[in-house]
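Heads up, the next two complexes both have chain A, just with different partners, chain B and then chain C.
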Partner chain A sequence: MTREEIVITINTVFEESFEIEPERLVPDANIFLDLGLDSLDTVDLVVAIQKKFGVQIRDDERVRSIRTLGDVYQFIEVIYNEKKA
Partner chain B sequence: MKRVVITGMGAVTPLGGSVSETIQALDEHRHAIRRCPELEACKGLRSWLAAPAELKNEKLIPRQNRRSMSRMSIFAAQAALEASQQAGYQPELFSPGKVGCIAGSTTPSPITIHQIYETFIPTRDFGLIQAMQFFQSMSHTVAMNLAQYLGLQGRFLSTNAACASGLQAIGTAYELIRAGSQEAIFCGGAEEFHSTVTGVFDMLLAASTKYNDDPDHASRPFDAARDGLVCGEGAGILFLEEREHALARGATIYGEILGFDTCSGGTHISESNRECIAQCMRQVLANAECSPSDIGYISAHATATLQGDGEEAAAIHAVFSDTVPVSSLKGHLGHTLGASGPIEMIASLVGLRKNKIYPTRNLTSVAPECQGIRHVAEIETTQATCFMKNSFAFGGINASLVCKID
Partner chain C sequence: MRRLPAILFAIVFYPILTIYTIVSVTIMTLYMIVTAPFFSHVKNMQRFRRLIRVYGYGIIHYLARPMGPVLYKAAPRDIKTAKLIICNHIAASDPFLMACLQEVAVQVVNVWPFKLPVWGAFARWSGYLNVKQMEADAFVEACATLLQEGTSIIAFPEGTRAGEKPMGPFHSVMFRVALATKVPILPMCIYGNAHAPARGSLLIQPTTVRVHCLPEITWETYQSMTPFQLKNHVRDLIQMEVERMKTA
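On to the complex of A and B.
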C-alpha cells in the first residue's frame, strides 16, 4: 500500500466514522482540537483502522502519541511496513 | 401532593415524524402496516409484516450525541426535542437537578446487538467491536442518550418492562413530580424494528401470519378475524411538569395526569389475566379519585392477539360495563411495543382535545370474547375530558394511567 493509498483510506475513515468534511482533512489538523474527536472516538478510530488495514494496534504505545492526522498517516505507514516485513 | 400536567408532547411513529403528522394520519384513517422483505428472508418466520417509522433528519442531532444512539434513541431524541419545543423548555427556568429523564424500551438496540454478534461470533475478536456499539446495547440506552442529548441532571431511571416500558416511565415521572422531588421530567418510550423482535412474537404464536398478502387488514384488535400483532417502532416522549411551575412560567397546559398504577399479575409469564388487569384499572381509578363514570374513553392496549384482547375486554367490562367508548390504535400504528403507551396516550389526548375518539381500525366484527364493552369502530365526536390508557407486557405486567385534557 502506497502512502497515497494510506492517506485516502484514513481520510475515508474520518469522513465515514466521524463525519469530517474532506476539506478539513489536512495533515496538520489536530484530531482532537481541530477535528473534534475525544477519547471514545479514538477507541473507534483504532477499531476502524484495524478493520481497514488488517493490523492490531490497540496495545501499541505509539497510538498514545498521535496528535495530528499526519501522525496517523505516518503511524499506519510504519505499522503497515512492519507487518509486511 | 403536587399536581402534574403535560406541557409538551413529541412523537415519531409509523404514521409520521411528529405528533401533528401522526394525528393527520389518524384523522385520515390511514395505517402504517407494510410487507417487509427483511422478514420474508428469515427461515422459520411466518409473520412478514411490520409498521416501520421513517428515520430522517438524524444528522440534525450533533454527532457527539448521535454516535451512541441507535435507531430507537434517535427516535426518542427527535420526539423529546418536539416535546421540549412545545413546552418552551429552557433549563434556566428550572432549579438545578430538578428536571429528570425516565424512558424505556423492550430491549436495547436489537440492530446493534445483531451487528456486534455478527462480527464477534465468527472472529472471536473484540478488537472489531466499536465503543459506540456498547452504548447502544445497554439496557438503559434510550434514557441515557436522552439525558445526554438534553443535558438533564435530575432524577434518572430506565423502565424496561417490554410493552409497558413507556407508560411505566410516564407513571413513574408523574409519581416523582407529584411527590415534589422533581419540577419536570422528560418521559416516555422508544422502540426499533428488527426481525428478531417479530421473531419472538411469532415464536410465541402472538404475531399475525395470515395477512402477509393483505397488510391493510392485518392489525385488527378485538376483531373476530384477528390473528396476532404487527410489530412497529418509534418513540413517544412527554414533558411532565409540576402544575404551579407550569402556570408560573406561563406554559400551555395540554392535560393533567390524575392517577397511575402498575402491577405484576403473578399468574402467567405470557398470558394476560382479566382479574389482574381489572385490579390495575380499579387501583388507578382509586389513585385518581375517579369513578368509572368519570372516564369518557379508554385507549386499550389491545394488540390483536387472540388471548390478550379477550382478557382486556373482559376486564374493561368488569370495571366499566359497556358504558365507556373503547378503542385500540394498533390497527393504525401496529404495536410499537415500549413506545406504544406514550404514542397512544398522546394520540388519545390530542384526539379528545379535538373532541374526537379515534377508532379501532379493521374492527368489522367484534369477536365473541371481546364483546360486552362499547367498541369504537369509526371516528366519534365526544365531549369527554378524561381518559384511561392501558399498557400490558409479557411477564404479567399491567400499567394504567388516567389523564384529563385541559
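On to the complex of A and C.
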C-alpha cells in the first residue's frame, strides 16, 4: 500500500465514520481542535482504522502522541510497513 | 460595561445570598432529617433535588432579579419522562438557570463545583456526577441507572464556560449515554449571561438572560447516528438557536 493509498483510506474512515467534509481533511488538521474528535471518538477512530487496515494499534503507545491527521498517516504508514516486514 | 451598578448590586447581593443560603440549607436539612425515614433512598435523593431546584429558582427569579429577568421559553414536552438535557455553557450562573426546568434532574459537573462551600455539599448529597473522576464505562452505567429511576441528567458537553467566545466543541460521552439508553435529548440554549458573572469576576452585570428549550430529539430520530454525528447534530441545533436568540 502506497502512502497515497494510506491517505485515501484514512480520509475515507474520517468521511464515513465521522461525516467530516473532504476539504477539511488536510495533513495539518488537528484531530481534536479542527476536526472535533474527543478522547472517546479516538477509540472509535482506532477501531475503524484497525478494521480498514487489518492492524492492531489499540494498545500501541504511539497512538497517544497523535495530534494531526498527518500524524495518523505517518503512524499507519510505519505500522503497515512493520507488519509487511 | 455598567460597572458601578454591578458593584453596588454585588455589595447587596452576596450578603443576601449568604443569608438566603444559610436559611435554605437549615430548612432543607431539617425537613430532610424529619421526613427521610419515611421514603426510600432513591425517593429521598429525588426530593432533595427538588429542594435544590426551589433554592435555585429563588436565586434567579428573586435575588438576582434586579439585574434583569430570566426569560424562559420551551416547546411542549412530557416533564415526567427521564431525559438528557444538553446545554451550552456560558457562565457560572448556568447551573442556577437549570431551576427553570420542571424535571427532577442531576447535573454532570467537573471537579471544582464539588469543592465549593455549601454548593459542593449539595452536589454530593444529591448525587451529581463527577465526569472527570469516573471511567467512561462507569459513567455511562451511572447515567443509565439514574435515567431508569426516572431522573433526568443535565450536562454541559463543552466542558468549560465559553463566556463571549463561540461555543466550543462538544464531548461525546453524553451522546454515548443517549445511544445506550434510548432516552430523549432535550437541547437547552442559554444566552445573555456572559457577564453574569464573567470568568474570574463576581460582578453580575445588568442583563436579560434567555433560556430556550428546543423540541426533544427522540430515539427514533437519532438511532442511526454515531456518537460523533449526534453530538455535532445537537451542537448545531443549539448553535442555530443561540444565533436566533442574539437577534431576538
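Keep this in mind: the second predicted complex is superposed on the first by the 85 of 85 C-alpha atoms of A that agree within 3 Å, B and C clash if a C-alpha of one lies under 4 Å from a C-alpha of the other, contacts with A are read in each partner's own complex, and residues count from 1 in each chain.
Rule of thumb we're sticking to: contacts are C-beta pairs under 8 Å (C-beta built on N, C-alpha and C of every residue); 3 or more make two chains touch, one makes a residue touch a chain.
Please read all numbers here as calculations on a predicted model, not as lab measurements.
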item: First (chain B), second (chain C), both or neither touched by A:A29; value: neither
item: Which superposed partner A:I6 touches (first chain B, second chain C, both, neither); value: neither
item: First, second, both or neither for A:D44, with chain B first and chain C second; value: both
item: Chain B versus chain C as contact partner of A:V72, first or second or both or neither; value: neither
item: Partner with the higher number of touched chain A residues, chain C or chain B; value: B
item: Shared chain A contacts, counted only where both chain B and chain C touch the same residue; value: 18-19, 36, 38, 40-41, 44
item: Complex contact set, residues of chain A against chain B; value: 18-19, 36, 38, 40-41, 43-44, 46-48, 50-51, 56, 58
item: Of all residues in chain A, those that touch chain C in their complex; value: 17-19, 32-33, 36-38, 40-41, 44
item: Contacting residues of chain C [partner chain A, same complex]; value: 136, 169-173, 176, 226-229, 232
item: Chain A partner contacts - residues on chain B that touch it in the complex; value: 59, 63-64, 67, 127-132
